[in-house]
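Shared between the two complexes below is chain A, which pairs with chain B and chain C, respectively.
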Partner chain A sequence: MITFLSRRIAAAIPILIGVSIVVFITIKIIPGDPIASLLGPTSTPEARSELTARLGLNRALPIQYFSWIGHTVRGDLGNSIAKQTAVRPLVFDAFKNTLILTLFAAILAFAAGLLLGAIAALRRGKISAAISNAISLFSISVPQYSIALLLIIYLATGTGWFPSAGMYNAIGGGGWGDLFAHIVLPGISAALVPAGIIARMFRSVVIDVMSMDFIDSMRARGLSERKILWHAFHNTMPTLLTIAGLQLGYLLGGVIFVETIFAWPGLGLLVYQSITQRDLPVIQAGVIVSALAFVLINLIVDALHATIDPRVRA
Partner chain B sequence: MPNERPAPTALPVAESSSAPSSPRRRPSRRNFLAGVGGVSLASVLAACTPGAKSTSGSGGGAKANILVIAMTASDIPLLDTGLAQNQGYEGLRFVANQLFDGLTKFDLKQGEKIPPVIPGLALSWTANAAATVWTFKLRPNVKFTDGTPWNADAAIFNFNRYINKSAPEFYPALNAAAGLTISSLKSSKKIDDMTIEVTTNGPLAYLPSNLTTVYFASPTAVKAEGNEGFGAKPVGTGPFTFVSMTRGQQLVLKANPDYWGGAPKVEQVILRPIPDPTARIAALRSGQVNWAEVPPPDDVPTLTKDGFQVLTNSYDHVWPWVINGQKKPFTDVRVRQAMNYAINREALIKNVLQGTADPEFQAAARANAAYREENNLYSYDPAKAKSLLAAAGLPNGFSTTLSYPTSGSGNMVPTPMNEALQQDLAAVGIKVKLQPVEWASMLTDYFVGKIPGNADMINISLSMQQEGFWNTWFGAGSGPNVGKYNNPKVQALFTQAAATLDDTKRSDLYAQAVKYITEDAPWVFIVDDRNPRVLAANVKGFIEPKSWFADLTTLSVS
Partner chain C sequence: MTATADVGIAATAVAAPQAATSKRRLPLSAKIAGGVILIIVLLAIFAPLLTSYSPTVGSLTDRLQPIGTSGHLLGTDGQGRDILTRMLYGARPSLMTGLIPVAVSGTLGTTLGLIAGMGSKFTRGAIMRTLDVFYAFPAVLLAIAIAAALGSGISNSVIALAVILIPPVARVAESETGRLRSADFIEAANASGARKSAIAFRQVLPNIAPAVVVYCTALIGLSIVYAAGLSFLGLGISPPKAEWGLMISDLQQYIFTQPQLLLVPAIAILIASVAFNVLGDGLRSYLNVRSETA
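Showing the complex of A and B:
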């Protein structure tokens, strides 16, 4: 098991380096520079060239990259150009907020996805299955952006049940209740697509498993329905785990739209802002942290997978 | 923002080969469902129940005398004097002007006239005849909120921080951020404890206006925290003091009861960055904030109907198309004028902007001192546009390209606006191809004097808030003059104005320049924004000034 995990960790390192190179090159290729957006249209050319030199942005690109990665390896993520503050607390605070939203959305997505998937698989031919199928298809196809706005219109500004933006109230905010009220609408918006995907996947897995020979043989041996179902559920676990890992990863990276609409102070919003300001240190750190989280989640999934199914360890 | 949803998944959603169903299995399915479903349903329901009390109806802001502002900025501005401009004028409006003061300030307590420059931390000032050496008498009995006295030493310390490269307190980032405002300041020196002298590089008759945005920080606090650290614990003399900040979420300021200009009526001001316009209005409607900047124009009628205060006023803002005058056919002034006659500004304002802008028929905005009614040269006259085009040898019109930003500070709602103008111009035979450009990349090109994508024209919103901007936008050799406009008569008037101390005479000189610029039509003059903002009904006593800035001391929340 340990060799298996260390092999997987070693394999993650080139992935992270690759990601950082792609991000670096992309930001350098696209037009726009951070000095322009930081200093605004009223700045003088001298001030701009001075700041460019001070930030080391006039050095050759490979030197800029290696200097950045050298610091990053030592845990120094540098300073934000636009916010003039250390990147590390900025990115980690935002990541923590994204993680809260992601986990909440993941719980919603799994609860809804498993329920819909199970109904669709076990009640085939019934109206309830058709409805489940329709709901899961709808949730995959509907644009997140429109659903988020509809939720705001009807559940925030219309009824006033939920706040429409941010993580805590401006006045007297804080605490779990306040956080919960703020997380419901973005959580639902973010959970929609993964819920639909999980439902579709779970449906086909359950149908597969229920048609396997061992179900019939167990039944022939007179096992109770409860026991049979338990065995069937156990057999869906490896696939469920894989879906879980991937969907959690997608949620982490994909909540950017939701964070923007609901002004949720997460990593997606931070990276999105930083892209418009060409704030490379923040973009790099944000993407690396996201990539690292994605790799870690998959690592955990693989480890669990290996525990359940020893064949994977080979 | 793109509204496509992200690719949902890479996983194939496989339909399994369906197994023949047998009646035997029915009970098993039900049990399975009961198991999985019970758990899922319970958690879904639990999650969907509205938690705690949310900010419904009146909202938390209504109960206390606290103003909560939804800014358009994507983040809390930097809290160190001029660095607040990292979120544009909004940073100066809500942070720098509230925590700090300048030697001078704009009179924002009225909304009828263009805000005159009035004493701030200086009581009075005089200049030599050449407008190069200025003496400021400082306001006595003022203290920074940490108790440090305001005097000549404090003033010089701050000038050193801005401009004196050999002083230990010099802060390069601040120098860069203050840009044009301080670029012509040469030096400052102490005359006596309450008098300082400021020298400029050349005649600078409008120095008092520029100094409204040169802010003074407590020297004690800067020395204690260092230049970089000061922004985390800012201390000034302003109407509000710093309480706390959660980066990306909110900034809390509280009233300074000892403010020399009179204590604010409101207890606290909380700033929240909400860049998405729809989200800002949603936050206002759901009671999370009681002040929202720049609503989408389409929301204005319903907001008014629902009892919100939609406030607008002219300010020094223009929203033009800047024409590259070196390209054919724009080298012919008749072509540029034809474009100014071909567009229906009133229809644009009525249909797209819901009255949140004024039509512009000359080079000066309505809230600019150089605005003169008689300089309104253009009107909506397609027939005249056609005859001008015919006279220029283009009876059938021509094709051209326009670069425009898809978003960005002050750019209003660029896509529908430009599409409306495109239709007007097509009606006289001018076919405009619209090229959307992302704001950050547009700025980069713009600064080095380029129009993105090598288009013939660029749409960009510009400020006239500082007199120096006349030369920035229209001066020969100025980088951001991307249209390469050059009129020696205009240039001479700018130079003369910079040395004319009398405010009225100086604005007359600019008005003459405006007359020439309007006739030359280096831009298509389109609209002046009216700076719309929406306040909840319970915010009382705010006066919308003709300015980029705002005075928050007169208002209260009941």
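Showing the complex of A and C:
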């Protein structure tokens, strides 16, 4: 187990190095001079060159890269240009809010996805399976922003049932009830696509497992249908785990449209705002943190996978 | 001589799955979806014949007319532009940002996947591990970062989308190629002395094509959704041009006063996305492609 884990961690390191190089290059090709935007249009050339030197932007690109990655690894994410504060608390607060939204959406997606997938697999040939299949295909295709706007129009501004923006009420807000009221609509918007994907994957896994010999043998031995289903479910666990990891990772970086529309103060909204303000350190940190979370989730999934299924450890 | 042998083997290899699929029919839902896509394409092509209004210049006296106003079937936006006209013209960039990134990433991704699948262990490792780096990013975020880095504009969002779509296409092509590597007809082609590139393009490519085409069809819907999303965030096509995502972003400020106007582009993107996914799904069962890769 330990050799398996260390092998997986060793495999993740080159990926993370590659990620950091891609982020660094992407930031370097962003048009616009960060120095000019820091000092404003009235700055003197001397002041500009002094700040360029102080920030190390006149050094060779590989040196800039190693200096940046050195700071990043030590947890120093620099200062936000637009907000004039340290990036780390900004990004971590936003990440925490995204994580809350993501976990809520993941729970919704799993509940709906497993239900739809199970119906589609176990009621094959019946009308309920066809409906389940149609719902999951539809839900995969729904753009986050379309459904988000529909929900706001019909369930927030139209009826006033739910708030249409933010995470807590500005006045008298706070607490679990308030958070719940605010998270329902963005949660549903974010959950639709993963719910459809989970439903389709779960359907094909259940069909595969139900056609295995051990199911026939249990039937022959006269086990109750409920017991058989329980055993079948047990055999879908490894695949479920993989799906869970993928979808959680997808949600972490994929809720940017939902966050923008619902003004949810998460990482997606922060990155979007920083893009409009050309706040490079925040964009860098935001993208790096979500990629890191993505890789970490995959590592955890692999470890859990190896725990429940000894075959993958080989 | 090798050439004739190649053709003969390729023909039988392709003929076998076709014989199996001849019994299958394209599901009705896929035919309807194909019809919907055809209608959208025709509306986009013939936009100038279907409307007399300009997509970019409006009349400020006719601002924010509701849906169903005579002369403005789908209403007008905040600048008095006819929304139906903007929808018709806007279908052009929306379709293009769906098709072009998929065509580019489909070609490059398939080529990379073929090279990785047919190549040595080292080649495969180098290509697939490099693509893994792009897998470590959430796709939407990477597209947004690239589009932001390149600056707004429709060609930049096409590039951003092509980049994020290459790795998944390559992965599908590589895994399909891997399944064929030890097939008898590939061994036979190898034994007959055919060059690796000839085997890759004449034997392997026709056999992995169904899986790749099915996968890419569904990606078109995704690409339309992402491209409109980039425009929605102000990273795609620049105003005053008409594009569905940009229209959502324009009309969003009237969500409290004229919400139904906002629904027009939002639902159009939804319909286009559903249509391409239903078509892809229908093609999948028609061409008998395994569903795991979705």
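In this section, the second predicted complex is superposed on the first by the 285 of 314 C-alpha atoms of A that agree within 3 Å, B and C clash if a C-alpha of one lies under 4 Å from a C-alpha of the other, contacts with A are read in each partner's own complex, and residues count from 1 in each chain.
Rule of thumb we're sticking to: a contact is a pair of C-beta atoms (placed from the backbone, for glycine too) under 8 Å apart; a residue touches a chain by one contact, two chains touch by 3 or more.
None of the values given here were measured: they were computed from a predicted structure.
In this overlay on chain A, chain B clashes with chain C.
Contact with both chain B and chain C is seen for A:Leu149 once the two complexes are overlaid on the shared chain.
By the touch criterion defined above, A:Leu246 reaches chain B but does not reach chain C.
Look at A:Val271: by the touch rule set out above, it reaches chain C but stays clear of chain B.
Of the two partner chains, neither chain B nor chain C is touched by A:Ile131. Legend: residue contacts after superposition of the two complexes on their common chain; A:Arg48 is shown touching chain B, with no touch to chain C. Legend: residue contacts after superposition of the two complexes on their common chain; A:Ile300 is shown touching neither chain B nor chain C. Within the superposed three-chain model, A:Gly254 lies in touch with chain B and with chain C [touch as defined at top]. By the touch criterion stated above, A:Ile100 is placed in contact with neither chain B nor chain C. Put chain B and chain C next to each other and count what each touches on chain A; the higher total goes to B.
In the superposition on chain A, A:Leu57 makes contact with neither chain B nor chain C. Once the complexes are superposed on chain A, the part of chain B occupying the same space as chain C corresponds, among 147-155, 255-263 or 291-299, to 291-299.
Annotation: chain A residues 30-31, 140, 143-146, 149, 152-153, 157, 200, 204, 250, 253-254, 256-257, 260-261, 276 touch chain B in one complex and chain C in the other.
Residues of chain A touching chain C in their complex: 14-16, 18-19, 22-23, 26-27, 29-31, 137-138, 140-147, 149-150, 152-153, 157-158, 200, 204, 249-250, 252-254, 256-257, 260-261, 268, 271-272, 275-276, 283, 286-287, 290-291, 294-295. Per the touch definition, chain B reaches chain A in the complex via residues 1, 3-6, 8-11, 13-21, 24-25, 27-33, 35-37, 39-41, 43-44, 47-48, 50-57, 60-61, 63-64, 66, 68, 70, 74-75, 78, 83, 85-86, 88, 172-173, 175-177, 179-181, 183, 228, 231, 246-250, 270, 272-276, 278-283, 285-289, 438-447, 452, 462-463, 466, 469, 472, 479-480.
Listing the residues of chain A that touch chain B in their complex gives 30-33, 36-45, 47-48, 50-51, 54, 82-85, 89-90, 93-94, 104, 107-108, 110-112, 114-115, 118-119, 122-125, 140, 143-146, 149, 152-153, 156-157, 159-173, 175, 177-178, 180-181, 184, 187-188, 193, 196-197, 200-201, 204-208, 210-211, 219, 225-226, 228-229, 232-233, 243, 246-247, 250, 253-254, 256-257, 260-263, 265, 269-270, 273, 276-278.
Residues of chain C that touch chain A in their complex: 129-130, 132-134, 136-142, 144-146, 148-151, 221, 225, 228-229, 232-235, 248, 252, 255-256, 259-260, 262-263, 266-267, 269-270, 273-274, 276-278, 281, 291-292, 294.
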